[in-house]
Amino acid sequence: MTDAAQFPGAARDVLTFRLGGEVLAVAATQLREVLEPAPVTRVPGAPAFSAGLINVRGAVVPLADLRVPLRMRHTPPGPDARILVLDLPLAGQQAIVGIHADAVHEVTRIGPADLEDIPTVGTRWPPRFVAAIGRWGGHFVTLPDLPAIFADFLSGQSGRSHLPGPTAAGQQDLEIS
Amino acid sequence: MMDAETLAVFRAEAEGLVESLESNLLALKDAPRDRALIDGAFRDLHTLKGTGAMFGRADIASFLHDFETAFDRVRDGSVEVTPDLLSVALAARDHVVALLSAEPAEGADRAGAAILSRLAALMGTPAAPGAAPDAGPWHATFRLPADTAALGGRPELVLEELRRLGARTIRARTGDVPPLDRLDPVCLYLGWEAEIDATATEDDIRGAFLFHEDGLQLSLTPPAAPDATAPPPRGPEPPQHRAPALMRVPAERLDEMMDRVGELVIAEARLNELAARFGDPGLVAVAEDIQRLATAMRDNTMSIRMTPIGAITGRFRRLVHDLSRELGKPLALEVTGEETELDKTVIERLADPLMHLIRNAADHGLEPPAARAAAGKPEEGRITLSARYSGAEVLVALSDDGGGLDRDRIRARAVERGLLAEDADPPDDALWKLIFEPGFSTAPAVTELSGRGVGMDVVRRTIEDLRGTIDVASAPGGGTTVTLRLPLTLAIIDGLLIDVAGERLVIPLAAVDEIVELPDSLADDDSGNAFLDIRSSLVPFLRLRRLLDSEGQPGAHQKVVVVTSGEGRVGLVVDRIIGSNQTVIKQLSPLHSGIKTFSGATILGDGAVALILDVPQLVARGRSDTDCQGEAAA
Amino acid sequence: MSRTVLVADDSPSVRRMIVLTLRGAGYAAIEAENGQEALDVATTHSVDAVITDQNMPRLDGLGFARAFRARPEGRGVPIVFLSTESDPALREQARAAGAIGWMVKPFDQAKLLDVMRRVVG
């Protein structure tokens, strides 16, 4: 999905949240619910990006960690940690995924005037993973391009479709240049 | 106007009828006098026409009218089933499919008219069948119950029904109408007499008085029988042997139902845990009742979803029929085990891969007639589709009696595609599996039907998505057999819950052979020994702790769960057996479906997610690991 | 002017099937979950026919038929029972209560439409 498709010119409601010391946002239309931290089942052999599964009202849902593709530092979850449950297109189908958040802020409206150009240099983040950067209450807020991040992960996974084992540990870096 | 859902019901019903019609027509090719098939084809046409009319598709109903008539004449023996008749009937079947597909296409009328004129030519003069028009009419005299109007009955609708059946004259008898001052306005005083065409049956006529039977006065004189006391002739023998009542349900409702049952099973597991914890006898008894009910409900729901594989074989017959013409090869399809049932999801997704395999067999597998004759085989190529149960799996095998796979050509192609090293010489079954690799095709010429190298890899992917496996066997000159091994159901299984390093996993119970203690001599991870001696047979084993990259060290008394798949057995070393449970299988998302160790996940009684181990994959892994060790040792 | 059929059944799925069938054939349909609700609906809407279940909470089919027949708006409106019961005694009671016909479930679309054609046209 392109930036334009995800963030056309109109103002939109987003949920802002904190992760790895940064403020991020997801489109409210993609958000299904916000959950308290739940028991996570480890998936042996899965990369760090999607290392676990959770139960969301009887559905088995993959839990993804945006800190991996966005190269953020990992801090242990605090009392404000939450799981955002999102509807996203995955491999051509709508799917439910969970993502970690260190804390959830609020639903706010971001208009075109609040959006800034994405600098091509100087950011720590792979530019193709960033849909837009905006301002919210004096902070920079990053809108990650979630479909792009997941698509990138899925395309990288095709080479990984064998049995996991000790060797799988070396494949946990998502970065594919 | 039809809303979308009703339209879907109509479509589903019509498609079912079209499919049944097609399979009856194709079967008639080999057995043109088979009474049951003729009746079946007639019934399909009749019902299809009726359904079309009921749902406002007059185009379908009127198109099918002449075909219904034609098969009615076949039924009464005045017309024979010929290849030409079957051919035009199949064309009609295709035309109905075209009519069913959304909006009627441009020129559909003309196509339909052409088919009808072909039929008319075959049937000679398109005269109406049935009783000769000059036979005398039925004569009916009747009075409806006096309270008809009070009950909301509408006498004029009864008269209309009789007209529909062919009533030529209807006269009211007013003799019993009282003078106005004594007339009760809601009481019915009229009687009627009617003459009805002889084409109507007695059942038809009596049926016109539906809901008026109580208190009905009816005297009925049959056609051409001047003596009113003579027994009325029976109409044509009713074709139906009262089949059990059926109800069509949209497939999504079944899926929803299965989801609900799945949730019920999970809730029931939670209840059982709680009951066991509290130990209250009353609560335990209720929990057991609920468990019994949930299990029965699960079985019922699953049985509703089970569909015989015969549901899709009709289209294969048609495919082979068409392929035979297109390729100029005489072909025959033999199907066995059509009654074998699989989950409907599996059946639906199986159709395309099987079509592809059949196409492949017809196009590449079977030699041209001349070559077959030269090899001393009958000219007609034979494709066999067989299905049978094997434990908790179903084996679907597609065989041909063609030339067999060409080892040299497949090998050369595999080397060319970089799938095989220049000097590699794998055993047959390993080599055959390469034909399922993407882009692999050895067809010398790309034909219209296959040989474009797309498809076989899709076949494999579909089967793997269904948690199935593919085996290929082939002998030079002796044909090829592709065997698909499929799980009976995708929805719920009995699972064995195990513990590995504090993490819980599920092994499908149907795959479990036995559970043995891991000998102390093998307890050490580095013991190097890859086999377990179980009653003097050597079974390779996998340490799940290592496979799952678990942390910590195992305690004493590790167990080995011995599982089988196909011909293979492998032992899985686990820390602890927790028990058995009903496992509702949830598919893994695309994020994890690439990890082959697991076939899915489930939700346990306490709400936690547990992964389900993929036994066929683990068995294959156990074999290849021990192969490697064997080679290293040699 | 399409004819309006009141459908009373406590099973939402049966009701849905009946309603879909009727609407597909050009009838208007109103739903009620039980006999009491059917009675309320029938006083506020003009209906051309009623299809009712026998066993329903609050007011069963027989109770509905008797009450409906006793009202002016219920005169001459055909009532057809669609029930799993096939007890002849019950059918007689239904007739005495003012029903014109009795159909036995399972529900068959073709049969239902045939009946409706003969009952309301």
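All chains are identified by letter, namely A, B and C, in their written order; residue positions are counted from 1 within each chain.
In this text, contacts are C-beta pairs under 8 Å (C-beta built on N, C-alpha and C of every residue); 3 or more make two chains touch, one makes a residue touch a chain.
The UniProt protein names, listed by chain, are A = CheW protein; B = Chemotaxis protein CheA; C = Two-component system, chemotaxis family, response regulator CheY.
Because the structure is predicted, anything quoted here is derived from the model rather than measured.
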Where the contacts of chain A and chain B overlap, which chains show up?
none
Specify the chain most distant from chain C by Cα centroid.
A
Chain centre separation in whole Å, for chain B relative to chain A (CA means):
41
Report the inter-chain centroid distance for chain B and chain C in whole angstrom, where each centroid is the mean of the CA atoms.
35
Rounded Å distance, chain A centre to chain C centre (Cα mean)
55
Within their complex, state which residues of chain B touch chain A.
259, 262-263, 266, 503, 546-550, 586, 588-592, 594-598, 601-603, 607-611, 617, 621
Chain C residues touching chain B in their complex are 20-21, 23-26, 49, 75-80, 95, 98-101, 106-110, 113-115, 117-121
Provide the residue numbers of chain A that touch chain B in the complex, in ascending order.
39, 41-46, 50, 53-55, 58-62, 64, 90-91, 93, 95-97, 150, 153-154, 157-158, 160-166, 168-169
State the interface residues of chain B toward chain C in the complex, per the touch definition above.
1-3, 5-7, 9-10, 50-51, 54-56, 149-154, 157-158, 160-161, 186, 208, 210-211, 214, 245, 247
